[in-house]
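Below, each structure is written out as structure tokens.
Consider the two complexes below, in which chain A is the common component and chain B and chain C are the respective partners.
The block that comes next holds the complex of A and B.
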């Protein structure tokens, strides 16, 4: 821990991007990052940012995210967000958030039926506090994707007010409606941001790009100003 | 309390494309089952449980389907008690 601002990565059995996300959180200035085991409830005010990482929570049994949504950590998430926490759901984290009905829509199997692992180009189309700033709009970021159930579709029965700040640019790799790559919802004083691409894998430069740095640094600065 | 056998069938709502069913349909065509018109891939859960009576067993099955077995946004479900 190198700072006094508390950020956490929720761990489920089967999470496999938890280490990557924690490594990124720990490298950010002023952030004290830690794991949070899924069986432990999340208390209001406990964390400034809560990361729900990629992987295969509970083996993706039944539907990706369907079992994880029942965990104690998820039960307290809505109240924590209303009180001001910012949730970042990446890949399986996105699936868990739609299964929990905190975000609208659903994630279907990729149109190709295949697991896709590649760098994806993403066009920034809207602000999403604290992750995307106005100055980012119009930029094209490259984040890796690695999923089989990333085909995002809207649902007519969802009344949640959410926006789509990131879209696949050029190729739509998984068949998502309109090429949506991320969904964002403000809730009370906090927010939920979920995306299939992995910004934490585009941070240290090993994947030939480091576009994720801006994404995470935005949040560090924006939340500090709030 | 008596033991009942429940059959919970979960299937995609109308209008939701099922790429897996499409792939199976195409494969059946390749095998020259040319009269096949449609394929659906459902999930079937066979559940044994104790309940007061048949209505109670169905009520519990519906509750399970709504809370876990199905995704309310993309799937419908049917619950049936199997006769002994």
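The block that comes next holds the complex of A and C.
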């Protein structure tokens, strides 16, 4: 995979954080970023990093991610990860990955039963290649959250070996078990990292919050070294 | 078959005079379908027949204006390559009858207005008025329904809600106000209009299928007053449309994509809102001066057996009407249907002349001369007559024995002043990754980036103080625009133009006509001085309800949405204190000798003193002073002289200082102030609502620069105190309290 610096943002008709994530990918040094339409299968080795953005993939009237998991793009995802791709699922992307059973657990409706939009404080608790380095552990990052189904609960029957690198710090905004904000799983040569908070909304200094820069820059450097 | 055509016409909302005019224009008996179409076209909602004589007088031009009122939205230039599209619209009547869908489709409607121009929406704001929801459970439910509806639609669309205001007043007990604002950015080379159609093109419809919802919404719901016994009945509810935000999202993406890829083939476009197919075909036809031939059987239908009048009057949401070059239909379909899954059909063609011909099952059911029937005959309107209340300042003022802290607490709990955090946290305010200043600041600021580059920003602020409008709509409107301009200057943006959301009662009375006349005059007064014209807007009339035989109008309420730009969003100034130890000053346009001694026109006079005379005694407006203040605030921008800046508005200085202490992360600052040496009447200084005042936070080392600014722009400066770490709010000698307790009170209402 080395040398292929192609990063993609999967686009469903109801994705609405796709533009934001692409904007961030395009701002990263040496990265060729593009959209990947949901109807097209993802091939092994096609991308170094695959972002599944936030939004309401197919309206989510049924259950967040329930239709998106059946898309052509998702069908080939597991193989691409095993071969070395790194998947970043944000918000609806997290919901889709959980719905696809690529990550363990469930995302219930928030404890308040309401959509919540605010800035969330997150404590970095563990390394997660390529997104979080050892040196980040103990830091507190502020990323905006904006979701109604972000209450993460572990599942007893899932045997997937996953970890939780980010936890809500202070207030637990949605009732997630232990305050889990992100779930990470290594799979084959690649990985899946999913979180409800939006690091892409905390990237540009113009918006007075650039806590997410380190998160993305970690991946640019770490994957290049691999 | 004999249908009583006249009875049908009257049932469709036409007046006797309009019916006669219609027949005489046609020189024949209209068909029942034609009558229904004219019923909606000539409704207040679509024709503006009771308001346009005054709306025409609005200032609508400046160098920055690229499109004034009349299109789907107005446009002003942002830079050489881009323009800002924006507009406010009301959805009052539907939201009262069915709050969730009414508010949701209001958001959908305003977003379509923006992207129909070719602009990608980048911000939403909503401006709401309710009855007293703290004591009236019905209004608590209405608030809940409206907020849920806005969240449902706006969040799914992925447009950040970055501004808004909510207040309550008894006058809205029978008519709530739901006004929604949207703003977008468009490439100046790819602007689309409804007035650019030519003969010989194909007429296409795309988006959702057409169903039976919202029929007669514009005429019989939005253009009629309520009787309290009849609202929220099944008969009214079926006139409210049902929204599907996912469909709108795909419609938006599909439309923006064809605008980008097939821009030279897309000749004209009009969104389908009020009066659906009727209004959109007539608008394109009338504005472009072309005829149109439409086969109604080609319209994608949601259900079987729909009649021509249902197809023509349906207000099914998420639909678009477009005129495209012949031969390009398949290319449109490829993007709209194949990629985005929206219905897409060719339903007719444009023809020379001005006739609108509609066919159903091969039979011509409509044949109207658009130019002649576009406008209803002039309405018989009463002469405007608004009378301001007489103010008797010699009447004894009730003596106020409340402690200053208690007054401050009561003001912070006033719904108009209280924190709307619990509401705004239900709207996604950061999607787009461009929100610089969101709810909680004087104005919203959005970074108008180009693919993550560039520094330019857009700011907006919406204002309406119904208590001012109620006393004098001229003052209310002028003050609303001034406050918008001032709030923009506080965050560092220069106002460019505004959009007005006018909400009034029954227009057939001299009083409501007078309110409209004075509103327009007030807007023009401020617009002239600041060169900020009106570029779009909306008028909602018949906000009147008959209860127990008495008809009550709402207070005149015009939301003025001021929009401006900043060269560099990195210099945008927050409205919340930034640093412990910094100095806080008041910047004021008034000479000390001329400063008003009474706290007139303030929330304090109204709700604490309960003195109607004092409440009606509005503080003076000084336009040239306001201009100096704007120039000063903008010139201090580049040097970053102010750490934060906030206008003194409702609740006066004491409230402004308290709000500046409430940090965005839920924590608080303290404030250590001293006004014990001040010569002014203490309650006037603390709670009065003088125009032309802001508080600024500076580094103590910059005091000399502030003095110079004051001299240069002839502004009065007064040192108020310092920002403190310790969470105590203190204005010596007699006001002191715990800041976190004040915050708790402030956040306890919504």
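The rule is simple: the second predicted complex is superposed on the first by the 220 of 226 C-alpha atoms of A that agree within 3 Å, B and C clash if a C-alpha of one lies under 4 Å from a C-alpha of the other, contacts with A are read in each partner's own complex, and residues count from 1 in each chain.
Note that in this section a contact is a pair of C-beta atoms (placed from the backbone, for glycine too) under 8 Å apart; a residue touches a chain by one contact, two chains touch by 3 or more.
Everything numeric here is computed off the predicted structure, so don't read it as measured data.
Once the two complexes are overlaid through chain A, chain B and chain C fit side by side, free of any clash as defined at the top of the document. Shared-chain residue A:59: touches chain C; no touch with chain B. Once the two complexes are overlaid on the shared chain, A:213 sits clear of chain B and of chain C alike. In the superposition on chain A, A:113 contacts chain B only, with no contact to chain C.
Once the two complexes are laid on top of each other via chain A, the angle at chain A between chain B and chain C, using C-alpha centres, comes to 80°, given in steps of 10. Partner contacting the larger number of chain A residues, of chain B and chain C: C.
In the superposed model, A:146 makes contact with chain C only, not with chain B. Look at A:46: by the touch rule set out above, it reaches neither chain B nor chain C. Contacts of A:172 after superposition on the shared chain: neither chain B nor chain C is touched. No C-alpha atom of chain B lies closer than 13 Å to any C-alpha atom of chain C in the overlay. Touching of chain A by both chain B and chain C, each in its own complex, is seen for no residue at all. Taken in their complex, chain B has these residues touching chain A: 16-17, 19-20, 23, 68-69, 71-74. Chain A meets chain C in the complex at residues 13-14, 16-17, 19-20, 23-24, 26-27, 37, 54-56, 58-61, 114-119, 144, 146, 148, 198, 200-201, 203-208. For chain C in complex with chain A, the touching residues are 151, 155-158, 244-247, 249-250, 253, 339-341, 424-436, 447, 449, 451-452, 455, 457, 569-570, 664-665.
The part of chain A that touches chain B in the complex is made up of residues 62-63, 66, 70, 98-99, 101, 104-106, 108-113, 153, 155, 157-158.
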